[in-house]
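Next up, some structures in structure tokens.
Both complexes below contain chain A, partnered by chain B and then by chain C.
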Partner chain A sequence: MFNISAGYWLRIKGLERKKLQFAILVIIPILLLFLVLRIIPVFGTFYLSLYRWHLIKPDRPFIGLENFSRIMIDKNFRIALFNTTNFTIIVVSISVTLALLLALALEKKTRLGGWYEFAYFLPVVIPMVPVSMIWKWMYDTTYGIINILLKAIGLSPVGWLTEPKIALYSIIIMSIWKVLGYYMVLFLVGLRNIPVEYYEAARIDGAGGWQLFKNITFPLLKRMTLYICVIATIQNYNVFTQVYVMTTGSQAAPMAAVRVLVYEIYQNGFRYFKMGYASAQVVVLFAIVMIISLIYFKVFKIEDD
Partner chain B sequence: MKKQAKKYLRNWYHLPLLFGALIMLFAFVWMFLSAFKTEQEILAVPPTIFPVKPVLNNFVQVYNRIPIFRYFINSGLVAGISTIFVLVTSAFAGAVFAKYSFPFKNVLFIIILGTTMVPFECYMIPFYIMVSKAGLVDTYTGIISPLIISSFGIFLMRQHVASIPDALMDAARIDGCSELGVFWNVILPLSKSTLSALAIFSFMFGWAFFVWPLIITNSADHFVMEVGLTMFQNQYTVEYGPLMAGTSLSVIPLLLVFIFLRRNIISGMTISGMKY
Partner chain C sequence: MNKRKLIIIFLALALVFCLVNISVVCAQTQKISVWIGWSQLLPVYEEAAADFKAEMGKDVEVLAFPLREFERKLAVSIPSGNAPDVFVTSEYIIPQYIEAGYVMEPPKEVGEFIKSSFDPITLGINTFNGKIYGVPQIGIARVLYWNKELFKEAGLSNPPKNWEELVGYAKKLTVYDSDGKVVRSGICLRKFGAGSGVTEKFQILLASAGGGILKRTSDEKWCAAYNDEAGRATLKLYIDLIHKYKTDSFDIKQDSEAFALGHTAMFIREFWPIPYFKATAPDLKFGTTLIPGRKDGKSGTVYSTESAFVPKSSKNAEIAWEFIIFFNREKYVRKMFEDIGWPAPRIDLDFSDIYSREEAYAVANERPEGYIYSTYPPIPVADEIWTKLGERLEAAYRDASLVDNLEGIKKVLDEAAIETNNILGESDLY
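Coming up: the complex of A and B.
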């Protein structure tokens, strides 16, 4: 980089030189921060995944891909991978679909629009920890409001968090509730960017509601939908906080039933200090998310323009 | 009559919308109501909706058991300081990426943009090792360190500054401004709305950040609100009254931010979403 900029230096003068000087003075500290706080740690994860790296033990041998072959036969990891995938598929598909429907309904500015926006976006703004605690209280088998309402309408109560088969789905319901508003607002942004003229022209040609959606709204929303699907997948594959809160303390969900990848990584890395092994798990998680994102790009067939 | 009926039918979608909105709000209403109930009332079947005799005992319990004000200050410090850093780094980097040329600019920008897609969980282990080698475990510097730059912020600011006409910057140069002067007198004043949206985002993000403070802090003096709350939950058996009181207190700052700055938040998402 410096060789090339030195070349520049000789050829340019005056204002151009002052501008380049400013740009380089500004960008170098920022790039250094970036290098230390992002790039090096990301590569560090790949590096550590090839080592047996215990925080306390000074002997940290290079073991090649041994961590990865251990992951293949790790029962907890397999459970976590299955649960997280299950969680992500359900949360992403339901919340993205509902968010699109909501955005379509809210697109027209109505008198109640602002209130709806407020209500649906509120869970997005409130952090996951308090939200998980509220839901834990509402899910309580004996005193929780949800079971009391169920009993009131004649249904039998459900062990929302205590029943191993149900616990993951309870966390899924809560997570959909939490992220719905975020994807809704993103869809609204996409919808409001579609020029009104397109619709007008199509209406003159006699297109009806469904045709308008199929031929104008949906194709022009493709980019935004792709973006939402990618961030939703990344976000949900990294689910941690709600699982952490709902499985600790009393009246909590059984860990085995809701074990997820980041929890597994957290435990291996920061409870047992097996940081090499935990890093290998991160690499697997990273690879899965990358592959899914690439599939999205293929499915949505977006040409770079 | 028929016209009237048709009008109502056309607005049928308000029914599910309203129902959904009530579900969204209910959890928070229930939290606040529970916080004012006595222990007997909380566990009463059938439950009361509004507290029969509202009490503040739950809040007193919270105050006596955990240093909740300390948690407030810690969360405020972490979110506030990281926001200032993010604003400064994003404004400078955004301006330079939008309006100046330098070697490898495009490659560097793509790398920065790429890291917006890498969640913190993907590099938290090496980050922890780095921070612990630097002796910063259980310090404010340690908690704030991953938050001081934001690739999203740089991206947002670059998109915004790109829309500022070059002519304005040139006019300032003719008036004798240095490049720093151009940044200070032209770019910053024209970026107020984007910067305030970015400030709200990074404050909310810093406040809600959970996994890192959980890992890096181990003394109550440095717990942020979110970590303190989970510790509070883990220490005691089911006592939903005090727990809901603590939760209610903890959400007040972000609730206020949301109530007063909702327009900015949504328009900030519009700025960032539009350019994708």
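Coming up: the complex of A and C.
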């Protein structure tokens, strides 16, 4: 950590001080932008959560923690929280595990390795809306390619998006497919940064494949795994686009089965215009993600080098 | 480069920026903006805007957004004074803006045009506190579509006139595979799809049974009305058609798409599917009819309108009203009706030539005596009530245990009514 004392500033002279002034000058607009676009909205959300703030009505009374106490008894919020947590646990655990396995398989550079990496990474670069449209078509009960294949092998078609017990899992499958390549590439970066000498030394000492993974690969991938788990959790608790695209409309899914937190917040904020209540839900979501992230840091226990 | 030069360059750039912005603002003073939430209407609005420019020499910029995005834009722009000069929205969206004092009353001559040109039902549902604020553009009653060829195939020649026939015909028209699964539904009911649409379709059959979603208890107070005998009969009808008689299925194509493909013999909608069918299924032989009543001789449907409003923040209100009246010319009204399937409830225009070209449009402006036109209530929480009730109905439609279970049906509706009344109560409307 930098420890800049008042004396340090006094010791800076001449050209160095000019450089510093210039650095501060160029960084101020960015900081201002960050303040306006990030920091103020975050505090603004906390502020709104304490009011009955309707987007259109001019009367917006202060109601203290009433919005939060309403959340506690809001059945829709509970369903959304359950579905989102379910979604996040499944997507994070499966996608991170699969990504690690794929990265281990593709770590050694082979002739087709690059093609495999490209194939797995391709879904990442396609925007979520077209991907969701494609999967919605693939999941179509009557004309979807998946049901056509099921019928071809003598199985009954499945209501992938229309059957309440299946709909959320259909979106989970698509979401895992979408992010797998990204996590795989991150793991590959981590794996390729592990010095080969460590493995060579361990092999000389008689270590086998599992021991190499347990004692060298995984410990040295801890930082990357922590990073992936944290961003995956944040991303998945914020799941919205695929749910919105794949489940709205007359050919779509039953709402309660796929209700997720951000969709619930969107409904309250931008459909019913209850910005105060929606902000309180955002604060709860923020707290949940923050707590989970802290748990990750505790579990992974990474010491400074 | 020294400090002085840098300051001069910075000031010059700032000056250019200001001048450009001032010129843009000045150039816009004679230009009005129109926002609509239905992209299919855009070609007609754009044509009218071009004609308005040619005839009146004034610019009109028309922007169309997806409906929900449009509603969000209005919610953000109107209170902040950045609204367009004209916006077109429905009678259940506008009350909150009128109540908050954001909407302008029309000039006297526009008011006279409204009163002399539209039918009483349209005028009635667009009257708020005794005043009409917008110029109605569209008035849509929901109707029953029936596939003439599938009816003929099943030995039926006319559409159903009452619920008994509706159920009987649906049974005859349904086709099953060897496993007993529905491959063609007799009637496609709106059973799911997040949003208020599920409730709206329920409301149609509820109206045909003589009921409604809400009822007024005093001038400013409302309560849930669907947990009555008509509501229970309507939910029973859904449950019977889906689970008891298996004339509909969750696992096949739904709605207009299903009808166009011949996967259903009947469904209920507005008039926009007519041009959609012409474009996507030109060989489809279909008809439209009034919603069959629960009992002979008494029925109803949902009726909604879209009107053009001018916000008080408009700096070009005069041009805005001028354009609204211009757009109500017969040429554009006819295009909206025939090309897009959005009928205007005009009593001063004769659409008989359109009806002769497309018979399915003929019921658009039919207003039979005693027929109930169930509308959206002019309250800000209508969308929330409709959406949340829709979610409960979705769950009920899937519940086969509700077959011949009147207690269960009553419980579903009573619990939903508590939620509806709570939503009303939160806004001091209960």
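Keep in mind that, in the parts below, the second predicted complex is superposed on the first by the 289 of 305 C-alpha atoms of A that agree within 3 Å, B and C clash if a C-alpha of one lies under 4 Å from a C-alpha of the other, contacts with A are read in each partner's own complex, and residues count from 1 in each chain.
The rule is short, and it goes like this: contacts are C-beta pairs under 8 Å (C-beta built on N, C-alpha and C of every residue); 3 or more make two chains touch, one makes a residue touch a chain.
This one's a predicted model, so the numbers in the text were calculated from it and none came from an experiment.
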In this superposition, the partner of chain A with more touched residues, chain B or chain C, is B
*Figure out whether A:Pro164 sits in contact with chain B (first) or chain C (second), or with both, or with neither.*
second
Requested in this report: Could you look at A:Thr248 and tell me whether it touches chain B, chain C, both or neither (first, second, both, neither)?
Outcome: both
Message = I'd like to know which partner A:Phe273 touches here: chain B for first, chain C for second, both or neither.
response = second
Tell me the contact category for A:Phe300 with respect to chain B and chain C: first, second, both or neither. neither
Touching A:Ala119, do we find chain B (first), chain C (second), both, or neither? first
| said: For A:Phe68 in the superposed arrangement: first (chain B), second (chain C), both or neither? | reply: neither
- Message: I'd like to know which partner A:Tyr199 touches here: chain B for first, chain C for second, both or neither.
- Response: neither
Where chain B and chain C land on the same part of chain A: residues 55, 248-251, 270
In their shared complex, chain A is touched by residues of chain B numbered 13-14, 17-18, 20-25, 27-28, 30-31, 34, 42-43, 45-47, 89, 92-93, 95-96, 100-104, 108, 111-112, 115, 117-119, 121-130, 132, 145-146, 148-149, 151, 154, 173, 178-180, 204, 207-208, 210-211, 214-215, 226, 229-230, 233-234, 237-238, 240, 243-244, 247, 250-251, 254-255, 257-258, 262, 265-266, 269-270, 273-274, 276
Chain C contacts chain A in the complex at 68, 71-72, 75-76, 78-79, 96-97, 99-100, 179, 190, 192-195, 197, 250-257, 263, 380-381, 383-384, 387-388, 390-391, 394-395, 398
As the complex stands, chain A meets chain C at residues 55-58, 76, 141-142, 156-157, 159, 162-164, 247-256, 267, 270-273
Touching chain B in the complex, chain A uses residues 1, 4-5, 8, 15, 18-24, 26-27, 30-31, 33-34, 36-42, 44-45, 47-48, 55, 102, 105-106, 112, 115-123, 125-131, 133-135, 137-138, 140, 143, 145, 148, 152, 177, 180-181, 185-186, 189-190, 192-193, 223-224, 227, 230-231, 234-235, 238, 240-241, 244-245, 248-251, 262, 265-266, 269-270, 275, 278-279, 282, 285-286, 293
